[in-house]
Structure formats: structure tokens, C-alpha cells
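Chain naming follows the written order as A, B, C and D, and within any one chain the residues start at number 1.
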Amino acid sequence: MARFGGDGLECARGERLVFAGLGFDVGPGDALLLEGRNGSGKTSLLRLMAGLARPAAGRIAWDGADIGDDAEGHRARTRYIGHLDAVKPQLSVIENLSFWAALHGGGAAGAQAGLTAFGLDTLARAPARYLSAGQRRRLALARLAAAPAALWLMDEPTIALDRASIAALIAAIAAHRATGGMAVIATNVDIGLDGARLLSLEDFAVADGP
Amino acid sequence: MDRMAEFLAMGNYGGYVWPTYILAAVILVGLAIQSRRWLRNEERAVRAMEAEAPHRRAAAASGSARGETAR
Amino acid sequence: MIQRLANPARFNRLAGRTMPWLAWGAALCIGAALWLALAVSPADYQQGEAVRIMYVHVPAAWMALVAYAFVALASAGGLVWKHPLAHVAAQAAAPVGAAFTFLCLVTGSLWGKPMWGTWWVWDARLTSVLVLFFLYLGFIALTAAFDEPQRGERAAAILALVGVVNVPVIKFSVDWWNTLHQPASVMKMSGPAIHPSMLWPLLLMALGFTLYFGAVVLVRMKALLLARRARAMAMAQVHRAAPAAAEPGSAHG
Amino acid sequence: MIAALGLILRRELRLALRQAGESATVVLFFILAALLFPLGVGPSPATLARIAPGVLWATALLAAMLSFERLFQPDFEDGSLEQLALSPAPLEGLVLAKALAHWLTAAAPLIVAAPVLGVMLNLPAEGFVPLIAGMALGTPAISLIGAVGAALTLGARRGGVLLALLVIPLVIPVLIFGAAAVEAAIGGFPVRAHLTALGGISLGALVLGPWAAGAALRQALAE
């Protein structure tokens, strides 16, 4: 399995450098926790890792090759869970999930696996309009299990989740890591992942930005 | 004296020729003045902020130089 | 040379040196052109003294197009080659271009009234300049429509590229539309062949306007760069104040 | 990649069907706007026939503009857009799928409604075929340029009015050739030149639109 790493990363928000000289390295089965105060750039770093934005300087590489060179390949091996759940109220739970599963090449079985992984089986037919925030969050997380990928990028995944759902998430991450998958999670809440490494963005903050 | 009056009359098209040149002057001079005043305001603003954070000015200057060239 | 300008400090020095030349050059050229246009050049046998409007109208129309090409080129420089000063140049030039376009439209109307009795003539060229004016307004409005200036600049740059590709199509379709509905009476706006005594004021005014454009754009670029610096310092202070509030080293910010 | 575009298109159409109101409002606006002209200009058949081509095209254009804001804004706000950006389909393909979905849900209904309005505006018989042919050839350009406008104003304050300011100057050629085609047919002149011009503009938009809108989406997502 490959290594996912970055070095000399700089991220600018408007004119201000949010962080500089940031490096990270994730191997198969690893979990990396990003933590730091608000505005330290956790979300920005995750979006750089997903390839949604390009770093102001520095490089992110998968197996040594810059992710920008093979954008489509990087998209295929990455699942990104942002702050927003990407759930369409007009569609039912299963319609939402099977769209994303099919889009990433997973079949109907994938969608079903996603539902069971996050306890949404009973809600399959329900229109997403009636879901609570926690249920919507679980539907977003179900995309991870519905269409497997090597790299999971998650931004504050535990927001609005109840205790049982957090346990389901931890189990899913453990299973993912067991198969050699990687996970990078931005969070300020200690979610008790054993053997997870910590990256504090404050070490790379640019204190006296221009 | 009548040469001036005749010049101003512009073959009785004065009502159209003079507004043209007056408008051109107003727009060009006005824009130039607005631009200079804007520049002077920004200069004053930056100077005020630098005065407010003097001890960081050195770092800021180096930081901004590094930030600028690095991009 | 372009890359060397990348550093704002160097740009400021260079701009500072060239600006006086541009400003005085513009003043001299426009002054001479005015004297030629109003006092020396003859009246037109058909239009009489009204032809003197041309000495402002035509150079303004020319500048409207040149400025838009400048904005599009600068936008391409910013988007394609990521030159840090390119978007600043485009932002500085757009309002100046819009001002020249407005001047061209109003003087066109001032010329239309004595010649054809109406304040607005749906002449092909004048209509195209009107559409160009809306392209300018779109650029300026899009820049100002975002909270974050960088975001507005890049979005407006894309619009400028889309716009510059469409300008010939618009020009062609408006010309075509004009010939389609050509009322017989409308005389072509350009008037008779340009007599040398009329050509000189025209060229001098155009040169004066171009030098003026250069000077004002440099001033506005310096102002934009300083505004960006002031904004960055203000934001830095906001974020620098934050850690002082939370006790140092605490993980949960 | 093509499969991904097909999936996205099918989802867009399913969403549009679930909110059928959207296409209905576009057609309703088209009818209402066209209705204003006889009330304003007067019912005399001669004047109506004279202005019908221009009125039909101008109001159809404004009606199509209503639904541009809905192209990307909902997906941008609920997070679907960044997920779509991370799907196998490139952003340019996403723009094509969205523009095609807009064409099917907004432009196609307009083409169906146009002849009915033509009758109401006393459009001469020879004008109907070039009207429909012209709209069929010209509306793709409107959808694509609208997609560019929608992508550029994503996340902007007061997007709606700004979108109109950006798009209208760019679709003027479509209006000119579209209306001219109908008028030429009424006057007994050949319309091939006008229709090929419309087709050419749409092909141009097919190339320019996805590139420009894709770049604009990339910027919006890089926040």
C-alpha cells in the first residue's frame, strides 16, 4: 500500500498565511488526528489533502507522485466528509446513498453496506427531509462504507452524533484501518482512536502574518 | 471681443461642443483626483497601523516580504 | 521583466519613477490636442463646428476598447501565469476603462443630437460600446460581490476572459443587426475621410488619453496594493489577539 | 466518466421532477412577460405581428434566466457540489450535465410554449417554424452561458441581479439572430444564415462554457 505525505505546505487565506512549512506522513493502517484552535487551518489542510484546493507552496504526494498530476486517480481513492452532509431533502435515504455509491463505482450492495454500517436500515425509504441532524450526519458518513476507498478525510465527523453513532464510526474506522486504509480526521473532541498520531496545526501557525 | 463670442458660439453648435469638453475634463480630472486621494488615504491607513504595532513592524515587513515572494 | 515586477516593493519604485513622466506626458499631449482641436483645425464642410466633438468621442471609444483588452490581458496573466500583480492591474484598469466608455457614449449622444435630431442613435458602433459598458459594469460588480477581495478578483478575471472572447461576436451581431434594420437616413458615424489637419488632434488626444490611462492605473494599483496590506495587517491583529485570550498551550482552542 | 455524467444528469432530472414547480414557474413567467406587451403596446394585430419575434425571444431569454441561480447554488450550500467535484467526472463534465439538465427542465418547456404565445401575439404563420428551430439552436448557448454566470456568482452577495448583469450582454447575439430569423421568414427571406449563426454560437458556448464555469467552480470550492 502507498504512503500519503506532504511537506513544506503553506496555506494562505486572503493575504494572510494560515500555516507554513507544514509536513505530514500517513501510511497504511495509520490514523492522523489534526487539532488546533479555530482558524488554525484544519479544514483548509483537509481540503488541500482532498485536492479541492491547491497549496500556496509545498507539495502533497501519494506514493511520491504529486496528487495534482493525477487528480482523477486521487479523487478515486479519497472520500472526503466535510462540515456539510450533501443530503438532498427531496430524495429518500437510499436514493441519496445509492447515487453517491454508484457515482464512485460501488453497486447497490455498497449502498446497503453503508446503511447497515451506520444503523440506517430502518430509514432507507424515508425522505431525507424528515431526518434529524445526527441521522443526516450518519447518512453522510455512510458514504465511507458505501464506496470503499484507501484514504478517508473527515472534518469534525462526530458533530451531532449520539454515543451509539460515535461507536459505529470508531468501528468503521478500525475496520478501514485493518484493511490497510488510512484516515485523517480534523477534530477538537477526543474520540479515542488507539494508535492514532496527533498533528497540532499551531506548531506551524504563522504568528506574525503580514 | 466678438472673436471670443464667435469662438464660444462654435457655429451655434456651442451647446454640444462645450459640454463634450467640459464632461471630458470633469471625468478625467475627477478620476485622477479620486485615485490620488484614495492612494493617500491608504498610505495614511498603513502608516497608522504600522505605528500602532511598531515592534512587530520588522517581523511584519520580513514576513510580508517572505509571504509576497514565496507566493 | 514581468517576473521582476512581481515584488511589490520593486513595483512601487518603478511605478514611482514612471508616473510623473506619464502624467506630464498626458497633460502635454491633451493640452496640445485641445489647442489643435478647438483653435486650429477647420470646421467640417458638412457638420460645421460640431465635428470637434469627434476629437473627444473617437479617442474615448478607442480607449474603451484598449482598456478592456488591457483588463482581459491582465486577467489572463493572473489566471494562467499566476502573476501576483496581474489581478491588481486588471482591478485598477476596469474603472478607468468604464469611465472612458461612459465618456464615449455621452459624447456620441451629444454628437447625435445636432446631426440627427435625437439624443440616442442606434448606430452599430455606439450600440456595441453600450454593450461594452455593461461588460465593464459586470466586471466591477462581480469584483465587489464577494467578502474576500481575492475571490472577487479571480471570478472577475474569468468573466473578463469570457467577455473578451464575446466582444467580436457581439460587435459582429450588432453590425449585422444594424445593416438589417438600416434606416436609410443614418449617416455613418465616422464622417468624411480624415483631413491631416483633423488627424493630428485626433492622434494627439488618443496618445494623451493612453498616457493618462497609464498614470491613473499605476496610482490605483499602488492604492490597491496598500489596501491589501492594510487588510492583511488588520486580519493578522484579529488572529494574533485570539491566542492571548486562550491560555497558551491549551489544545482545545 | 460518461457513466458518472449520466448519473448526475439522471439525479438532476429526478430532483427537477420532484420539484416540478421549477419548470412551471419558468413557463409561467414566459407567458406573463409576453402577455404584458399586448396590454402595453395595444391589441392591434398589425403592431403585434411586427413586434412578436422580438418579444418572444426577449421574454424567453429572461424566463430562462430565472432558473440559472438554482443550477449550482443549492448544491453549493448543502455540500453536494464539493462531493460532485470529488467524483470521477471532471468539473467541466459536471457543468455540461448541469447545463443539459437546465436545458431540459427550463429551455425545452419554453420551446413548447413559444408557438402558443406566437398565436396570442398574432405571429404570422411563416414565423412559427424558424421560431422553434431558432430556439432549439439558440437555447443551448443560453443554458451554457447561464451556467458560467451561475458559477461565477456562486457565494456572491445578491447573486440574482448580478447574474442577469453578467449574462444578458453575453446572450445578445443569440437574441439578435433568433429574432432576425423569424422576421426574415415572415419577410420571405431565407433563414439558413441566421440558424447557422445560432448553431455556431451554441457550439462556441459548448467549448467556452464548461471551461469558464469549471474554472469558476474550482475557485468557489477552493475557499
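As a convention for this text, a contact is a pair of C-beta atoms (placed from the backbone, for glycine too) under 8 Å apart; a residue touches a chain by one contact, two chains touch by 3 or more.
Bear in mind that the values here come from a model prediction, so they are computed numbers and not experimental data.
For the pairs C-D and A-C, the count of C-beta pairs in contact is higher at C-D. Distance from the centre of chain D peaks at B, each centre being the average of the chain's Cα atoms.
A separation of 49 Å divides the Cα centre of chain A from that of chain B.
Centroid to centroid, with C-alpha atoms defining each point, chain C and chain D lie 30 Å apart.
For the pair chain B and chain D, the distance between mean C-alpha positions equals 42 Å.
Each chain gets a centre from the mean of its Cα atoms; for chain A and chain C, those two points are 45 Å apart.
Chain contacts: chain A has residues 15, 208-210 touching two or more partner chains. For chain D, residues that reach two or more other chains under the stated contact definition are 223. Residues of chain B in contact with at least two other chains: 60, 64, 68, 71. Interface residues of chain A, counted against chain D in their complex, comprise 47, 50-54, 72, 75-76, 78, 80, 82-88, 90-91, 95, 99-100, 102-105, 140, 143. Considering their complex, residues 148-150, 228-229, 231-233, 235-236, 239-240, 242-243, 246, 251-253 of chain C touch chain A. Listed in rising order, the residues of chain D touching chain A in the complex are 4, 7-8, 11, 14-15, 18-19, 77-80, 82-90, 221-223. Note for the complex: chain C touches chain D at residues 79, 131, 134-135, 137-138, 141-142, 145-148, 151-152, 154-155, 158-159, 161-163, 165-166, 169-170, 172-174, 176-177, 180.
Within the complex formed with chain B, the chain C residues making contact are 6-9, 30, 34, 38, 43, 48-50, 52-53, 56-57, 60, 84, 95-96, 99, 102-103, 106-107, 110-111, 113-114, 212, 215-216, 219-220, 222-223, 226-227, 229-230, 232-234, 236-237.
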